[in-house]
Structures are given as C-alpha cells and as structure tokens.
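Below, chain A partners chain B and then partners chain C, in two separate complexes.
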Partner chain A sequence: MFRTTRPALPAALLTIGALALTGCSGSSAPGETYDPDEEVTLTFAFWGNEVRAGLYEQAFEAFNEEYPRITVQNSFLDFPAFWEKRQTEAAGGGLPDVMQFDYSYLRQYAESGLLLDLAPYLGGVIDDEPFSDEILEIGEVADGNFAIATSTNAFGLYTNPALLEAVGVEEFAGGTWDDYDDWMEEVSDAASAQGVELWGGVDWTGRIQNFELQMRAGGEDLFTEDGEPNFTQDDLEAFWEQGDSIREDGTAAGSQKVEEAYPLSVFDSALTASELNWDNFGTGYLGNLGDSYTELGLVAPPLDVEGAQDLFLKPAMLHAIAATTDHPEAAATLVDFLVNSPEVGAVFGTNRGLPASETQLEGAALEGLDAQIRDYEESIADRLGDAPPVPIVGYGTLEEKFRQLGLELGFGTITPGEAASQFFSEMDIVLNQ
Partner chain B sequence: MTTTSTRTVVTAAARGRRRSRAAAPPARPGLKRKTLRETLAGYAFLLPWLVGFLGLTVGPMAYSLYLSFTSYNLFTDPRWIGLGNYVRMFTDDPQFVQSATITLVYVIVGTPVKLAAALAVAMLLNYRDGGATFFRSAFYAPSLIGASVSVAIVWRAMFNTDGPVDTTLSLFGIELGGWVGNVDLVVPMMILLAVWQFGGTMVIFLAGLKQVPKELYEAAEVDGAGPFRRFRAVTVPMLSPVIFFNLLLELIGAFQVFASAYIISNGSGGPAGMTNFITLYLYKRGFSDGQFGYAAAIAWIVLVAVGVLAFVLFRTQRSWVHYAGEDR
Partner chain C sequence: MTATALITTGQQPPRRRLTRRTSQTIVWFVALTAITLVVIYPLVWLLLSTFKPNAEFGQNPGLLPWAPTIDNYLKVVEGIAGVPLWRFYANSLILAVSAVIGTVLSSALAAYAFARVRFRGLGVLFTAMIGTLLLPFHVVIIPQYIWFQKLGLVDTFVPLILPKFLATEAFFVFLIVQFIRNIPRDMDEAARIDGAGHARIFWSIILPLVKPALITCAIFTFIWTWNDFLGPLLYLNSPENYPLPIALRLYNDQTSTSDYGATVTASFVALVPVLLFFIVFQRFLVDGVATQGLKG
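On to the complex of A and B.
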C-alpha cells in the first residue's frame, strides 16, 4: 500500500516513469512482488569489518531460509575504500544490486540517476508501516525516495570507565565545552602524575560534527536547504581557536598519537578516556579495545546554550538499490528483510545503529551496551531537533578535509586562520565544481 | 665536333639502359606485389598491438588531456573550464604545492642515496666471490617484495613509537619517538624504505662491473693509483652508461611512489600531508573527492616534469657518460 501522505499524482508519475525505464518487456514491472520460483543472484556491498561481515552472513542465512532461490554475493571494504570502489562502478554502470549506503553520498548518487526509486515498492514489497514518517523522509531527495534507513544514531560522548577508575577521575558530569576541557585536563594530569600514557580526549575541534553541534546550538545548520554554508571563515577560525589551549598544554592526545593509531582512534587504542562520536560506534569500540574492557560510558556532548536542540537523529546507514539492477523485485525483497526482519534485528543489535523499524527494534532484544545506546537516545529527547538537510554533494570530501586540518593544527604546521582559509577554498571548489 | 661526340656517347648510354631494361625480367611489379603482401602481413601482425596501443594508451591519454581542462566528477558530463585546473594547482591549492615539494625531496634525496647504496653493495659483491649467489639473492629479495602491502605494514610497525627501531635507538640514547606519525621523520623513513629496495639496481650495477676489463685496474695499480683513484678514474667512467641507465629509471620510479605511501598512511597521506606524494594526491583527488578533471591535470603536470627531467638527463649525458668505442 502506498502511503497516503504522498500526493497520488506524483506517485503515479513515478511509477509510470519507472515502468518506462525498467519494464520495457512488461515482465518485471516495478512494485511487483518477487516470484519465489525465480532463481536470482544479487550482489550486495557494505562497509565494515570482519565482525559486521559475520553478522551479515547470519542475516543472509536467515534470508535464505525464507527465500532459498535468491543467492546473495556480498563483499565489504572499509569506509573510504568502499566509496572509492563505488565511484568507479558508478562510472561504469556496474553498481552492486543492493548497497549499504551513507547519508552523505545520497544526494550525489540519487541526483545522478544511479539509484532505483523505492517509492513504488514502499508499502508493497518493502513494508513501510514500521517506520515513522520522519525516517521514511530521510530517503527523499531528487523527487524520489532512493534509500531507506536501517537505523538511527545520535552524537554522544563515549567514556572509558576502566581507564577513569585506574587514574581516579569521576565520569564527565556534563556541562559546557569549557567544562569538558577542564575534565579532560584533570584526566590527563592524573594520568601524567601516575606515569600512565593516557589523555582525557583529543582536540575536539578536529571534527566537523562538533562544529555542527555548536552551530545548531546557535540555531543554524551547517548548510542551508540550498546547500549554502551558514558560517563564515571567521566563525570557523574562532571555532578552531577554541582548541588552542588543549592542544598546547598537552590536555589532548597529540596529532602524532592520532596518526599512529589511525585508522583506529586513540579511544579504540585505550590512549584516551573519552571520544565524541556517533553512538553506534560503541560495539566497535569494545571490540577494538579487547576483552579487558567490558563497558563504556555514554553521555550527552557538552553544550553552551541552555535548552538548545543541537542534537539530531541521523540515519546511521541506509540501504539503496542500483538503478541498473536486473532484479528490482528481488532486491527490494532483500532490502525489506534487512530493514524489517526481527531476525536481522536480533543479529545486529546496535551494530548498524538503533534499528529504525519498529519490528526490527522489537526483535533486537537489546541488552548491555545495545540497551545503553537505546536509553541514551531516549535520554536526549529534549535536545533532539529536526535533522539537517540532506548533506550537500561533496560533504564527504569536506568532512575529511576538516579532519586533516584539525590534525595539522595539532602538529602546529598551520594556524586556525590558515586552516579556515584552506577549508573555504576547498568548499568553494566542492560547491562550484 | 665535340658536341656530336658527346651526343653519340649519351645516346649509346641511353640505348644501353633501354637494352638492359628490355633484357631484365619484369622484376618490379612482382617485387611490388611481394612488398605489398609483406606490408599487409606486417600490419596484420602489428594490428593487435596497434589496437591496444591506440585504444588503451593513446586514446585514454588524449581523453585524460581533455579531462584536465574540465571539471568532471564521473557522474555528470565534463564541463570545460579551460586552464582552471592548472591555475588552481599553482595558485589556490597549498596541498598540491606541499605534495609536489615532498615528492621532489623524495626524488632528489632518495635517488642518489639508493644508487650509492646499490653501487656500494654491488662493488662489495663484485670484490668477493665467496657466497656471492646467496648475498645477491639476499640483497635482491627486498626489491621483489618491496612494493607489497605486507612490507609497508611491517615498515609501519617497525618505525612506530615503541617499535623495534625506536626501541633500538633508545638503547643508544637516541630518543626520536615514532617515525610514522612524526612530521619531520616520516619522509626520511619513506626514503629508507626506498633505499632498502636497492636490489634491482644493484644487480644491474653488478653486471656492469663484471664488464670492466681487469687490465685497466692492473694498469692503474702499476701507475700507483690507490683504491679511491681507481674508483674515480676507472670504475666510474667505465660504469657511466649503467649509472645513467639506473639514474633515469630510478628518477622516473621515484616520481611514481604510491603503494608504500598509501599503506603507511592508510590512504590519508598523513601526518600533516607529509606522505601525500603526488601520485597518492592525484589518486585521492580523483577517487576520494571525485575531482577527476583536477586529478587528470595533476597527472599531466607529473608527466611533463618527468619528461623535462629525462630530457635534461639525456642532454647532459654527453658530458659525463662514456660509451666504449666512442672517441670523445
């Protein structure tokens, strides 16, 4: 069933358009259900690690119990390599049938006509009842609905209780960004006094998400609906200057430590007691920290403006189907299973974020850290505002540029003013290329 | 009289030519057919290579040159921007300037050091025959595995903080810390990795050293030349073509450093862009940032730089390369 919130005419036009594009023979009209007798092989690509690969294998086994004639050939890479490969596949018209997808690339791929419009399948092959309207709207871009969120996540402050206990410092009790700096300094000083190699955290001005939080606390998103920046070069310079003191007095772990640990973070490597990140990173942290660490703290990020709604729920990841797929019905069937099935919820827990589908969330039976993440997202309800617009084309490039400039500030090879200037040059290219 | 005689001679000569033409078999048409057949056969054999060369080398290069004048992200049609990419590179991209600078440092410092190491070991192996096969293999092995992912990973582990290199240096009171994340030490570390892979160059030097006539050394020794003088007056001139060959190859190879930088920095080009060598930078601009027009422009600048360098080397070789049999 199509959602009644959508105007009937555009939906009909979309269906006709999709029919014209993919159903020339008339035998595989979009919106039709998969014929269970048809032998189909689907390719599926995701980013992640061995742990996530194991979870997907379990999910596909459950899928094949229900759909034994659909074979899923899957492959995975780490996040940067995943997108490098998709770029070349997109150019050659060879994208995998089904992909784990990231919000920051949605606009680029959707506007380029590389993704299948899921609108004809929503309410039919893909059950949309278990999703809220807000979640479904996440995939709406370029006059269609091109992806469906598997899960949501929110930004949070992770801490390591075992390390804090070892140096005798209490958990961060919440507060302003200055309070957070003070707490980090307390941890770093305590560790230094005991001869332990540990810092309170890293220079948080190296993450664009923290800049975004401060922007949203002031009532603005990073970019407008039209993709124009809501900040000036001076704003950015002032933001980076906030990190001067913790960079210089050794409160934050230095850039050299960060580089040496990369691609893991210094928090993964037990070199810092805290890290600001998306809340679904928790299971990955525990996996990388090793068996001697069994729990993590998760609290809201610092905030300078009382009552501000700086946080938001983001799709941790989405699923999308290539426009070139030969088996849209089977692909939509697989997507439905991966986003709605309770069995998949039980397998993944919060590995992909908090399940966005109610049926999958119920199946997840969250415990331990998974339950902690769910409780965290409930606890920040007052700070949750509307999600920002779908990221601009090239957002991934800007995010990485921001990270690298942050590291250069830590090395002292650049000043905040020069960093802001370089970022704006890059942004000019990205926005106007 | 004179005129008549001359005409007679000319006429006779012409008659002779006509006779000889008439008497000779009709060789030319046959030869033509044969030549045409041979030519066609030649082109037929050449065709697979020619198609490959035009389709896989010349075609893509021409397209790449065209792309270098466009803004192109793979998803939409290329948009012509003239010299925009080239102007941006030199006026509005500090990352490119940094990348080009560290690449030049790597080439200018790394290549002579690598050649010197290769020549030194080649001379050592040339001097002693005992166990030569084992030592040649041992020194050559890093070149075979040098570009592999595993070696770069091992190199990263060795030079990290508390790695074997750091620990060993600490024993001698040298506290440098890790090299991998150190802005000042990561380029020397990359040069060391390149120098360590001197085996291929060494084998070529060794082959060159075997060709130097022993009599020259004996004559020099009789004349009272010491080891250094013999090296300067005999080895270097006689080996100069091989030095030139190795220098050219190593310079071109050094410009293309990619795999080790990619692995050691996990593709980031860090710390602070110090392993962002030019090929890694253009790769990231293309495949990570989707700026394929810009990446193509960088690739052409690299090509021109390497071409200019090779041209200069070829021009200067007259003054220092000695080819046997040449009288200069």
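On to the complex of A and C.
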C-alpha cells in the first residue's frame, strides 16, 4: 500500500506550489496607464450566439485601429456553458483577462478575490464621466468596485399588438395588478369566443421579479444588504394566492402550454398577448415570433401603490477583469473602449441592452424596437428607485426554484402554502451553505 | 394452454401449428414495430425538423414542417463566427480518432501487463486501477485543469488526447484483462519456448486473439469522445478549436435570440458520423460481446 502512495507525494507538492503561484501573480501597481508601445495579448470571454460574436469582432477591429499592439483573443459560449467553464477556471487560476460578466455571479467572484478592483482605474483609464452614480454603484461589493455595467435593462410589460388587434382588445392601459388580471381575462375570453388558441398572459406569480416589484412598491427589497430575506413565509403564500383566480378560470395560459412551448416562451409562440420581462428580451421575442409579427408593445408593469419606486435599472451585463491578469492597464483600456466608445455603441445597438454610458448611447443609432426600449426606460424615470443590493450568492438557484414552484401551482400539484414552505426550505439551504 | 395443445395435436397438427406460429409472429411483429416507432420517433422528428424554418419552432411541435425549407442546411454549412463547419468536424475527428488509437493501444498494453506479467504490487495496482472507476470525473477536473493550465497546454488538444495514451480508461483495461485471462497460457509458453519475449508474445499472440475486445473499446471510445462536451468545454478556448458538441450550442443564447432551426440541423449533421460508424461496426460490437462467453 505504501509503495503506491509514495509517487503521489511529489504530485501533491506540485499542486500546492501551483496554487501558491496563482495567489501571487497579477500584482503590478494599479492606476497606471497602458504603455502604447507594449505588445500585449489579452484573452476575452463572453456569452452569446454567433450574431453577438460577429459584433464583438467588429468592435475589436475598431479597438485595434486605436491600439494596434493589443491583440484580443476572444472565446464565446452559451450562458450556462460559459459559467461552467468559468467556475473551473476560477478554481484553477486560469480566468480570461477580461470577461463579459453577470450581475448574479458578481458577489461570489468579488468576495473570493477573483476580480480586479477597478476603483483605481475609474476616472483614469476608465472614463467614469458618462455614467450616472447609480450605475457606477452597481459594481460595488464590500470595499471595492469590481465590474462596470455595459448596459441596463428595466422590467416591463411586453404586449403583442397584432394578436390584440385580431381579438379586438385595446393595449393594456396601465393600472393595478387586478386591472392587469381583468385585461388578461378580456383577451382570453375574446379569443375563446373566436375559437382562437390565445391567452391574455401567463400566471405572473410564477416569477420572482414580480414578487420583487410588489415588495419594492411596499418600500422594501427582497433581500437586505446582508443577504437576509425581507419577507416571511406568509407574505410569499399571500403573493402566490393572488394567482389563484387567473389559474383557475383559464385567464392565464396553463403550465402545460408553457411546457409544450419550451424552450421558447408562450409569448414567443404567439400563444399569449403579453409577458412581463426584462426589456432587452424584445429582440429575442421578435426573432422567435417570426416574420408575421413586426412590432411589440412595451408598457410599464402594473402597480398597486401610487407613486412608489418599484422599478430599477439592472445591469444587463457587466465587464470585469480577472485578478490574475498580467496586464491590468491594457485590460482596463479594453474595458474602457468596450463600455464608452461611441463606435462600439454603433456596432452593438441594444444587443447587450441599452448602453449605460452616455457617450456610447449617443453613438448607437437606435431605431425601431431599440428606440422603443430607450423611450420606455426614459418614460419610467419616475418609477425608478435605487437598485437592490448585489444579489446574494445562490440567487440564481432561488429564481429557478420560484419558477418551478410557479409551474407546479399551475399544474395544481401543490397549494400556495406548500409552495411557500418549499421555497423557504430551499432558501434555508442556499443562505446557510 | 397445455389442454388446447393436447386436443389440437390429434386432428390437424401441421396446419394448426403453422397458423399459431404465424399469428404469434404477427403479434410480435406488431408489438415490436410499435415499440420501435416510439423509440425512433425523436430521431425522425429531428430529421424532419431540420426542414422547419426557425420561426416554426415553438409554434409547430408536430412532425411535419408547415413550410419546408433547406435554409437551415445552408446556414449550418456556412459555420459560426467565421469558422466553417468542416473545421468543427475536423476537430471532432482528430479528437475521436486520436482517442481511439490512444485508448486501444495503451489499454491493451496495460491489460497485458496486468494479466501476464508478474511484478511486485500487482494486486494493489490492479485494485487501485479498478478503484479509479469509482472516482467521478468531477473530482479530478480541477486538479487536472490546474496541471494543464500551469503547463500552458490549455487551448490545445493535448489535455484531451494525452490521457488517452496513458491507459486512464480503467473500464477498458479491465475488459481486456478479463479477455486475456481467458486465453490459455499454453500459447504464451509455447511462444516462449520458441524464444519470444513479452513484446513478441503481446504483439503476435495476444493482440490478434483479443481483437474483439479491442474493437469494442474502439467503438465505445469513438462514440464517447465524439459526444464529449465537458472536456473540450474546459480545455478549449478559441472557437476554431471547438469540436461539434460545443459548436452546436453556439446557435443558442437565451439572453438574446436563438436559432433553433440551425441548432436542430447542426445536431442532425453531427449525429450522422456516429450513426454511420455504428451501422458499420455494430456486427463487430455484437461479436465482441458474444465471443467473450465462448472463450472460457
């Protein structure tokens, strides 16, 4: 037995050595600017499809005209695979120099010391003038600022004007959540009278964002700054009970339809006339709906409390730099270009969300749906409050659990009380892991 | 059953038996066809869906496309982000073929040593090797990644191919060991008397006799490597190095638009080689398993 374990010892030592090395690298003094004569190769990773890959390619070409000595090697994957790969790299010390980053992973990566603190570069290499304070604060975790938002989204209510016209119902005129239920019922009834397979919308209690909106309308975020929930099991049960009526009388498209349409949503499949979602989903909706639908309606979500600031701007995506990068100045230069340059704005339009930087927004020639989203975000200015604290570690798991429980409520396999209790046991695990 | 059989035998035995056999055959045939249809439905759906325009996904879950088109094929052949489709194919082929060569060679060598060579620690090493079967891949991912990362071999095919040449697939080593153990030692001894060493015995005596096992290994390795997603995902960064399973996912992005038509078509195109490979080699696969029982 001893004979076999001996060869493993040098291996173990080497591994420890490798880990120690990871901890030591990337320690050049921050705040300096990039020396334009230095030959640098940066690795860059993003999630997206081939369309976005083409856009990044154009952005890097523009970047190289200005900085010909920085070579950007990019790699891209779809969202789940992107994070699977990053998690391994994070553990192995091989994160790319610059990354497109997601809000939900920000706390985890920043707290583990995997990201470079951008604070010394803000106002220097990275121009922070074109950003509002609220947007700059988005990247703040603990004592540093670890990511900068490329773009923002707000929550909105998408509608399908062509379908509404077909059944003869007016656009949702705004109002309370009950008004929204009534409006959906009108659509569903009109559709079933005409024998068309169409519903007003889905059961909106199936999404944690809608719960968040109602909580914020009451003046509180879902979670506190310390990551504790601001709601009780009874609050959650009461929220889910609001959906009982639309689930039972067939106002909302049932869970079975939702599952049949998957991986598309029922709104994508022209089975519902409205859907509450982040406003950057519009392009995807139009693409998935196909050529027979050319426009979408985008209005503010329902609100029960007059004058409340329930909405907020969420970073659609961010840029972050790995703490292990050998070229922090060059990496910061690239980030500055990607978030601020008007040329990049012109290339991307709203592919990454509505540009957060004013200079980039000016560079983006927005038209059609893109312009509609910009106008929408301007129109809800009165309802925009401060963004909630950076999501807790494991927020993604909770969001998914919430969605699944919503589906089960639709199938009638559980009651709101049972769902609330299941959600709390899941949350207990996530918060105490 | 026995009662009816007794009564019928006396009267018209040949005809009766024939009808009973025929009707049984028909029942079997219908039942098996029904089961086959259920099993093959997803594949047929995949094939027919490659002719659906992208907008039909989600709206037309049925088998037949409403407006058949070959646009998906044109799009897929074009490739992704400037990388043509044949490149992904070539990458997949390089990986799969090297893995087959590596696994078969190294597993056969290791198996010969375990089965025929007596050395100190044989039992412990053999147990350790079988023990690695209990070790899930996920446990070794990170240490292995650190290793290759420090060696600067990330974004090359080395991390994906090198381990295959080191007999890391314990299952195949075990399979071949069992095979060799069933070959009478008299053959080795006869060769030894004629002056053959280990290398000669391995090459000229054992290797030809374990051919069925090697073919089984080759087939499984090919199919597993062709379909492997996690390994290439972790070790390859540049899109021009991606094999097919990763390229397939690049048409989709939940946060913007997804091209399901292209995804489905690319999936089908990626499936064809494995399907052909299986059809060509399946009789060897059956041979490999069947002869195993006769060797003892």
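Things worth noting here:
Simple rule for what comes next: the second predicted complex is superposed on the first by the 403 of 433 C-alpha atoms of A that agree within 3 Å, B and C clash if a C-alpha of one lies under 4 Å from a C-alpha of the other, contacts with A are read in each partner's own complex, and residues count from 1 in each chain.
One rule holds in what follows: a contact is a pair of C-beta atoms (placed from the backbone, for glycine too) under 8 Å apart; a residue touches a chain by one contact, two chains touch by 3 or more.
Just so you know, these numbers come straight off a predicted model, no measurement behind them.
Contact with chain B, but none with chain C, is seen for A:429 once the two complexes are overlaid on the shared chain. By the document's definition of touching, of the two partners only chain C reaches A:50; chain B does not.
In the superposed model, more residues of chain A are touched by C than by the other of chain B and chain C. By the touch criterion defined above, A:91 lies against chain B and chain C together after alignment on the C-alpha atoms of chain A. Contacts of A:283 after superposition on the shared chain: chain C is touched, whereas chain B is not. Looking at the shared chain after the overlay, A:263 reaches both chain B and chain C.
By the touch criterion defined above, A:397 reaches chain B but does not reach chain C. Of the two partner chains, chain C is the only one touched by A:76; chain B is not. On chain A, the surface patch touched by chain B in one complex and by chain C in the other comprises residues 81, 84, 88, 91, 260, 263. Per the touch definition, chain C reaches chain A in the complex via residues 53-59, 61, 80-82, 120-121, 124-125, 128, 141-143, 145-147, 149-150, 154, 230, 233-234, 237-239, 246, 249-260.
On the side of chain B, the complex with chain A involves touching residues 71, 73-76, 88, 92-95, 160-161, 177-178, 180-183, 266-273, 287-291. The part of chain A that touches chain B in the complex is made up of residues 80-81, 83-84, 87-88, 90-91, 108-109, 111-112, 114, 255-260, 262-263, 394, 396-397, 400, 404, 407-408, 411, 413-414, 422, 425, 429-430, 433.
Within the complex formed with chain C, the chain A residues making contact are 1, 3-4, 15, 18-19, 21-22, 43, 45, 47-54, 57, 73, 75-79, 81, 84-85, 88-89, 91-94, 96, 260-261, 263-264, 268-270, 280, 283-284, 287-292, 351.
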